[in-house]
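One structure is given here, and the rest of the page talks about it.
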Amino acid sequence: MVNIILLYLISLITSIVVALLLKVPILPKKKPIRFSFETSIVFPTPILALGIEAILRNLFGNYIYLAFIAGLFGALLSKYADKLFGEV
Amino acid sequence: MEILDIIKLIIAGIICWINFVLIDTYFGLPEKPGVLGAKTIGEKIKEIGGNLNGGYFMGNIVCSPDASAGTLLASIMNYLMGVKGGLIAALLVWIGNRLCADPGYAGTIGALTITLIIYLLHPIIGAKYFVGGMILAIFSIQGFEHKYASILLGKIAKKMNRGE
Amino acid sequence: MEYIEYLLYLGYVLLIIGTIGAIVGPKSNDRFIRLLNTEVATFGVCFIFLAYDEALALMTLIAVNAILCLILVRAIILNAEYEEETDTKIK
Amino acid sequence: MDIIEGVIGFIALLMVFRIFLTRSRARKLLYLCCLSFCISALIALYVKSPMGGIVAIIYFISSTLTSNAIAYTIEQVKDIE
Amino acid sequence: MEILLIVSGVCCILGGLGVILHTNPINKIIMLGLLNVGLIGMIVSSYYLDIAIISSICEPISTIILLLGYMKYLTTLKKKKKYGRDLPILSK
């Protein structure tokens, strides 16, 4: 049980670190945060990282390096979400 | 045995109803229609005597997947795959929100909160009852009676200072 | 076993309803409404494919149905634009 | 006959009849959205594997896209008529 | 008897009848969506999950094509009715 929580934490931390490297803003700049389409470190990055990590763990089993890969993908997806889904 | 199931179902329905109405109202669904289609439904609900903000709330539920969709899909994935299913559902709901031109806050937060609730209530009420409870909740808002549901939603929106 | 028969009868019923509706349905002289009525027959064929477990045929029919609708709708729109000349000739 | 599937099936049947009977298009959309909720839950309860969950999610998002497009068209057509 | 089977069967029959009986094209398209729901329910009840995914992806595509076609069809009809027989000279 502890192993699973450890995996989640690893993917969370790597996604936050990579997102900081990619200069993703911590909080979206447009003021009514609930209507803004900008991705930020607080909102989509951890959720994407945990989701991708859960998928990878479900497909390939509990490995440490999968958590790192999931964190990386989570940060990349949240950084380039506007190009992927179209800027509104 | 049947009575126990029905009681669990109703309790899960009330929990789901409270969960997704509060999250949707907090994330500003009744304020303005997210998509052009929600305005039509809002005006139509106002025509038959309901509240405009409640109508925008129901229009936003129809047009873009929000906390109600997140709650339902997270409880489905929790029933099928346990806690990690809820996280996968949150990811897929975020992608679905982005496809429907919606910032995605409501759906994802709804999915995470219902995953937390199911994880806490695990031995007492199973995840299967939350699926049925969510259907009862959405039926009470969209399927049963539109006029009074939108008036109720308008009151809740006003109380949380989201609706004018 | 009766599950397969239900599918088959459902496919036949939808086919019959679709064809009759396309020919003598209400307001079916309008081209766009007639196109929508023929869609019901397409779904009837889908049910019959499902009854005979034709997985690949069902998949291709559903995929081609989208493109078929595109072509037919384009034809109806272009016809609606240039229809005005034919009326004057007939008169 | 499980009580949950019975309740969901009853609500789904009620929605199908209400879609067929109501006159105004916007309320048909609301009932269609509720029906889509019910069918997605039924699919997930019928196919008990994770693949069934994925099918339910994809079906639900595509149904929301459909009703979104219909609501947008109703808005556009209202100006023309 | 499986609940999904009963619901999608009733949904197909009512959807098919609805497409024929309703006169307004948008009502017809809503009933077509209902018919598609019944089809997907039947496909899932016979455990063809990949066909269900493809069918549920193709459903919004065909509905959007029909809706866009209907909007364009309506505008051309309205434009023709506004000008009647004698089109403005520029476009003749």
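So that you can tell them apart, the chains are marked A, B, C, D and E in the order they are listed, and the count of residues begins at 1 in each.
Note that a contact is a pair of C-beta atoms (placed from the backbone, for glycine too) under 8 Å apart; a residue touches a chain by one contact, two chains touch by 3 or more.
Model, not experiment: these values are computed from the prediction.
Asker: Walk from chain C over to chain E along touching chains and report the minimum step count.
Answerer: 1
Asker: Starting from the defined contact criterion, work out which chains touch chain A and chain B both, please.
Answerer: Intersection of chain A and chain B contact lists gives nothing.
Asker: Need the most distant chain from chain E, centre defined as the mean of C-alpha atoms.
Answerer: Following the centroid criterion, the farthest chain would be A.
Asker: Using only Cα atoms to place each chain's centre, name the chain farthest from chain B.
Answerer: Relative to chain B, the chain with the farthest C-alpha centre is C.
Asker: Could you name the chain whose Cα mean is nearest to the mean of all protein Cα atoms here?
Answerer: When every chain is reduced to its C-alpha mean, the one closest to the whole-protein mean is D.
Asker: Just the number, please: Cα centre separation of chain B and chain C in whole Å.
Answerer: 36
Asker: How many angstrom lie between the centres of chain A and chain C, each centre taken as the mean Cα position?
Answerer: 45
Asker: Can you give the whole-Å distance between the Cα centres of chain A and chain E?
Answerer: 38
Asker: For chain A and chain D, let me know how many angstrom lie between their CA-based centres, rounded off.
Answerer: A distance of 31 Å separates the two centres.
Asker: For chain B, which residues are shared contacts with two or more other chains?
Answerer: 81, 85, 92, 99
Asker: Could you list the positions in chain D whose residues touch two or more of the other chains?
Answerer: Each of 8, 29, 32, 38, 50, 52, 54, 65, 67, 69-70, 72, 74 in chain D touches at least two other chains.
Asker: List, in ascending order, every residue of chain E touching at least 2 other chains.
Answerer: Residue numbers touching two or more other chains: 17, 29, 70.
Asker: With touch defined as at the top, which chains are paired up in contact here?
Answerer: By the stated definition, chains touch in these pairs: A-B, B-D, C-E, D-E.
Asker: Using the touch definition from the top, list the residues of chain E that touch chain D in their complex.
Answerer: Within the complex, chain E touches chain D at residues 2-4, 6-8, 10-11, 14, 17-18, 24, 26-27, 29-31, 33-34, 37, 40-41, 44-45, 47, 49, 52-53, 56-57, 59-60, 63-64, 67, 70-71, 74-75, 78.
Asker: What part of chain D is in contact with chain B in the complex they form?
Answerer: 3-4, 7-8, 11, 14-15, 18, 24, 26-27, 29-34, 37-38, 40-41, 44-45, 48-50, 52-54, 56-57, 60-61, 64-65, 67-72, 74-75, 78
Asker: Which of the residues in chain A come into contact with chain B in the complex?
Answerer: 32-37, 43-44, 47-48, 50-55, 57-58, 81, 84-85, 88
Asker: Which residues of chain D touch chain E in their complex?
Answerer: 1, 5-6, 8-9, 12-13, 16-17, 19-20, 25, 28-29, 32, 35-36, 38-39, 42-43, 46-47, 51-52, 54-55, 58-59, 62-63, 65-67, 69-70, 72-74, 76-77, 80-81
Asker: Within the complex, which stretch of chain B touches chain A?
Answerer: Touching chain A: residues 26-28, 81, 84-85, 87-88, 90-92, 94-95, 98-99, 101, 103-105, 108, 112 of chain B.
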